[in-house]
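Next, two complexes with chain A in common: one pairs it with chain B, the other with chain C.
This part shows the complex of A and B:
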């Protein structure tokens, strides 16, 4: 969707933003970022009506009053990112620490800033990460990571424990910071989609789709209906495969290995459907600006058959997981309350598990949504089981969406022709419901029609705070399961 | 419990009997080169569409020739779609792991082709060592987008079942024989990777899984210096792909164990354009230092 920014002076930004995001949940803070370090860019989303606003607040110097400090907790992670990437420092931020770049980088290096900072302008003299210290007799620290015991992405967790109980968890991310956002602006725009797909390797279609929507709205290109439906099928296949393996992950961590093995077999089926449709298991290089690359009838009827098989095969395995008493007890912890979920703006499974009725598929147009959007699956308890139940519910609603899209498919073109050049000085954004939740791409072109700034907000960027909240005062043994129930992305956060 | 057992028995044995079978038709593998020379007269269609500059046009004269570096290829398949002369084709083989970085660089240059096919192709085969012939304990260090991690995880599932070959994913480098590296190893993970490697005892091997680990892929040359593991630590096995298919990962680990032959591409360009460094690279100074 194309946007033009409204100028909101920096002085009135906190007041205006606060009145927008309160009372609870009227507007969401979609993005808080900058273009080159000389302004704040605020993207606001209305999660019921689908309205979008873009604010621009020019900054003199490199300091601004922290919005977090003004009572807008949704901003706290964004402000840390702004400090690292742009050298813009929030005054009064309650816990300003580095988020993406640590002592492997020079302290005064800010990759997306146009004019370098002088050392006096930088409040940090080191990039070392100061962990919150919990003191008291018998309190000890447990460091975990960055390299984890299993086959997962890197991150560092610092637990402050008293006996088996976690008093505080502090998370240090940024280990897989690869400079994706900068790279998006370094390559010709026709190649940028391959970089977008590498933002998070499990969110390939969602990222490719968001990127395509951004480019298509800049170019004012209409996507053929057949392509929209095929994109929807691909997005739901991605959701299906990842939800299945995430439910399997719960079974693994509870110790129900038979169910876990079955879930990975079933995920293989979902990936196989994607492979037939797109050519690869992770559906890479398939969704492209203008449409999709191919859509042959044999693959689509194969998917139709696969949907019927999965409808039959998946529910018994999931029912067994939720039917085991021991599993139910293990899944009763890790609570995130509704009020905190709203305050921190948690998205996707995490938000819906705590009763937040927000699913981008029902609000913002992408693919064949909102026409084909399923009714959001909502749970109120906010615990591990709620999140598992939502995955189970969404597995079946995704299968329904795929079936509905297949029914509606008619012949027609699958890709529109694109003009060669992007328009100059334009803003465009896309909001896509990835399997983890709301994914945002925001692009701004320069006077030559190249990307001047390309921002990606992975759903996990909102959600990482939740694990610290949910695990507090729980047993250390419950952490892996709680973590699995949130399925947070390290690479999507670190970019 | 009885319900679970009957469900599992009802599903039968799903583990594949074929080891590393070729991909099904219609599925996209990595590209490969055939005997045909390029369309000539200035054709550079493949190099123009390649998102990672993995393809270089060597000569645009009548014959025309290219090099294709699979270590930089993300397998998008655009070159296969666009090639007018049938020089670049889709390769359905899943046995794509090699034991040297150079072996991933293919060329259809006439002279090179004749040296390889005219000489003894066998002499280019690397005799496998059998250091870890029976079983191997593998530690994984993930530094990328998690695509390769998921495929490595899938290699352990009941269908591919990498454990049946004696491959165990272990939780500590202390008792690991091989180190599987995924992702471009940008600055954030370089120290962690090195200390993980140093914690392993000899003999040890590094396997680079995926194009990012081999060359940095789409991240190559960025400020985060994610240029792959091969620049940092001596790497024994290279598994290209973005991400590689689980069968290709199985193949790569079997190659490291000496239980499978590495892939020998016949159209191999022997010289490597830039030498592979064996020691840790010196960090370039970033502005703001």
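This part shows the complex of A and C:
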């Protein structure tokens, strides 16, 4: 939806932001970024009423007082990103380290900044990443990654352990930083959707949808109803496939290989439905600004049949996983408390697993939402099992949504015609519930109608902190299971 | 007279050839069987039965990467452990025929197993990797808990026979001194301890790729190529020997009278190993890998069984 920024002076930003996000999450901090390094852009979301506010705070020079330091932990990673990408230095930040840029980049390189900094202004004198050192007799450090066993993305974990117990976990990301946000502003806007889809390879539909909504609202184009419903079906198919394999992943790590094998078969089925609809298993190049590329009747009735089969096949496997006593015990760790979830603004599965009632589908319009939005699945315990239960609940609610959308489908156009040019000097944003949680795209056009700045906030960006919190004082051997229960994206964070 | 001597010599030669062939063939096939059954239980077709052979061949053709930080011990361990395990396989009556002329003392067996573990742990520490380090720490913790169970299981049989020579104990000719329940308990105790010794579920997951949860695999992460092939083969051999030993106990429990026919014994032993392999596959397909802190509770079972064995044996001794 289109937004116009309200000017909030930098001096009053901390006070205003603090009173908005507290007490206890009236508003949440959606994005904290900048356009070109000479202002702070704050996107605030109201998770109950669906209001959105955009604040702009001009900055003189490149220093401002850290918002994290005012007791706003949600700003913690955003400020690290601002320092890396824009060279904006948050004074008084409690743990300022690089987030995305490693030591192969020159020290004074800030990719999204328009006017270069002189070396004296540069906040960093080194690209070194100082890990928190825990000392004491018997404490040792265990470095894991960035290359892991198995086909997953890179990330470095530094465990400080005492025997088998984890005292502290520090995560170093940024290994797959590809400059997605900068690239979005470099390609012609008609082709930007292919870049947006590549932000996270397993969140293709959600990213494509968010991008399409941004472009459509800039162009003020109405999307045909049939296209909205097909987009919803595609988004839910993505959620379905990923939730199924993530539940299967829990079974693999616990050692219940039979259940894991069933889950990967069923996930193949969900991906197959996506392939039938879009032509590729991960549904690339399908959702486009204006509508969708194709919507074949045969494919839609195939999906209808597939939904019936999954309804029959998925629940027994999941029930078996949650029914095994020893599995329940394995899944009783990795707690994230409700208060921390609110304070750090965890989204998606993680937030709902800790009792945060926030599902972007019920609040923010995208696809056929919020009309078709299912009731959010909420669990209170905040442990691995809660998160697994939420995935299980969302698998069945996704199946319901797909069935409902298929019922409602009528004939009609599937793509609207688009004007050739984007309007100048406009802000637009989209909020989509990807399978990991709230995904935000924010775009700003320049005076020529090209993207001046395109910001993407992947749900994992909020949630990475949670894993360090959840695993503290637990056993090292429980880390993989805990990690799997959150199933965070490296590339979505690194962009 | 002469023809009798020739016949006896031929028999010994045949036994030796049989043993060597068994040593080369049985261990990989046992592992292949476990993997195949596991795959079938998951509705997968699974790798061929002979896949472990192909894997060993593939590994032995690969080049080896050795860290500059390691000493001679790192590479020597694979050979040392293979020698120890081959010696054990020749001494321990894990198949019903052993051509070994010298006896096999049960304490010798236990110390040979411990020696092999000692070298594995040293080599893991030598590699200097953090994973190997905590793999080694976990292995030693497990060994500490499990060793009493093995010692007591075997020693209880020794007490019953008034002999510490396992060849006398597992001779099939005279099962009289031992009631079937003792054989059976010793067999199941040995089987449970071998699950832990062999890093199978529910203590360790042999198929896992997660470094943080491994025990045995974590220690050999740094090994590659031929070195890894030797380690793998040694592990297969250990599996076959330990399962074979449990099988012998169970077979003795089932056979109240001695069986003279060696062919029947041999076939029964092989079938027994197959059944235990099936049991492992079923356990691994249905069991949950335990939390590390709960592992001692599982180890308590074999320890309790071994104590019971010892109790029975001692009571009979005093009678």
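A few comments on the model shown:
Assume the second predicted complex is superposed on the first by the 495 of 495 C-alpha atoms of A that agree within 3 Å, B and C clash if a C-alpha of one lies under 4 Å from a C-alpha of the other, contacts with A are read in each partner's own complex, and residues count from 1 in each chain.
Following the convention adopted for this analysis, a contact is a pair of C-beta atoms (placed from the backbone, for glycine too) under 8 Å apart; a residue touches a chain by one contact, two chains touch by 3 or more.
Note that the structure is predicted; figures quoted are calculated from it, not measured.
Once chain A of one complex is fitted onto chain A of the other, the partner contacts of A:253 are limited to chain C, with no touch recorded for chain B.
Contacts of A:186 after superposition: chain B is touched, whereas chain C is not reached.
Counting the residues of chain A that each partner touches, chain B and chain C differ, and the larger count belongs to B. Within the superposed three-chain model, A:330 lies in touch with chain C and out of touch with chain B [touch as defined at top]. When both complexes are overlaid on chain A, the residue A:149 reaches chain B and chain C alike. Of the two partner chains placed by the overlay, chain B and chain C both lie in contact with A:261. Contact with neither chain B nor chain C is seen for A:123 once the two complexes are overlaid on the shared chain. Once the two complexes are laid over each other on the shared chain, residue contacts for A:479 go to chain C alone; chain B is not touched.
Of the two partner chains placed around the shared chain by superposition, chain C is the only one that A:164 touches, whereas chain B remains out of contact.
In the superposition on chain A, A:315 makes contact with neither chain B nor chain C. Put simply, chain A uses residues 149-150, 256, 258, 261-262, 265 to touch chain B in one complex and chain C in the other.
By the touch rule above, chain A contacts chain B in their complex via residues 101-102, 104-111, 116-117, 146-147, 149-154, 174-180, 182-183, 186-187, 191, 194-195, 198-202, 204, 245, 256, 258-259, 261-262, 264-265, 267-268, 271, 275-276, 279-282, 284-285, 296, 299, 316-317, 320, 323, 489-491, 494.
Chain contact summary for the complex, chain A toward chain C: residues 140-144, 149-150, 161, 164, 253-258, 260-262, 265, 324, 326-327, 329-330, 333, 475-480.
Across the complex, chain B meets chain A through its residues 3-5, 7-8, 11, 14, 26-28, 51-52, 74-78, 140-154, 156-159, 169, 171-172, 183-184, 186-192, 196, 212, 217-219, 222-224, 226, 242-243, 245, 285-289. Within the complex formed with chain A, the residues of chain C that make contact are 38, 41-44, 130-131, 133-134, 201-202, 205, 207-213, 284-294.
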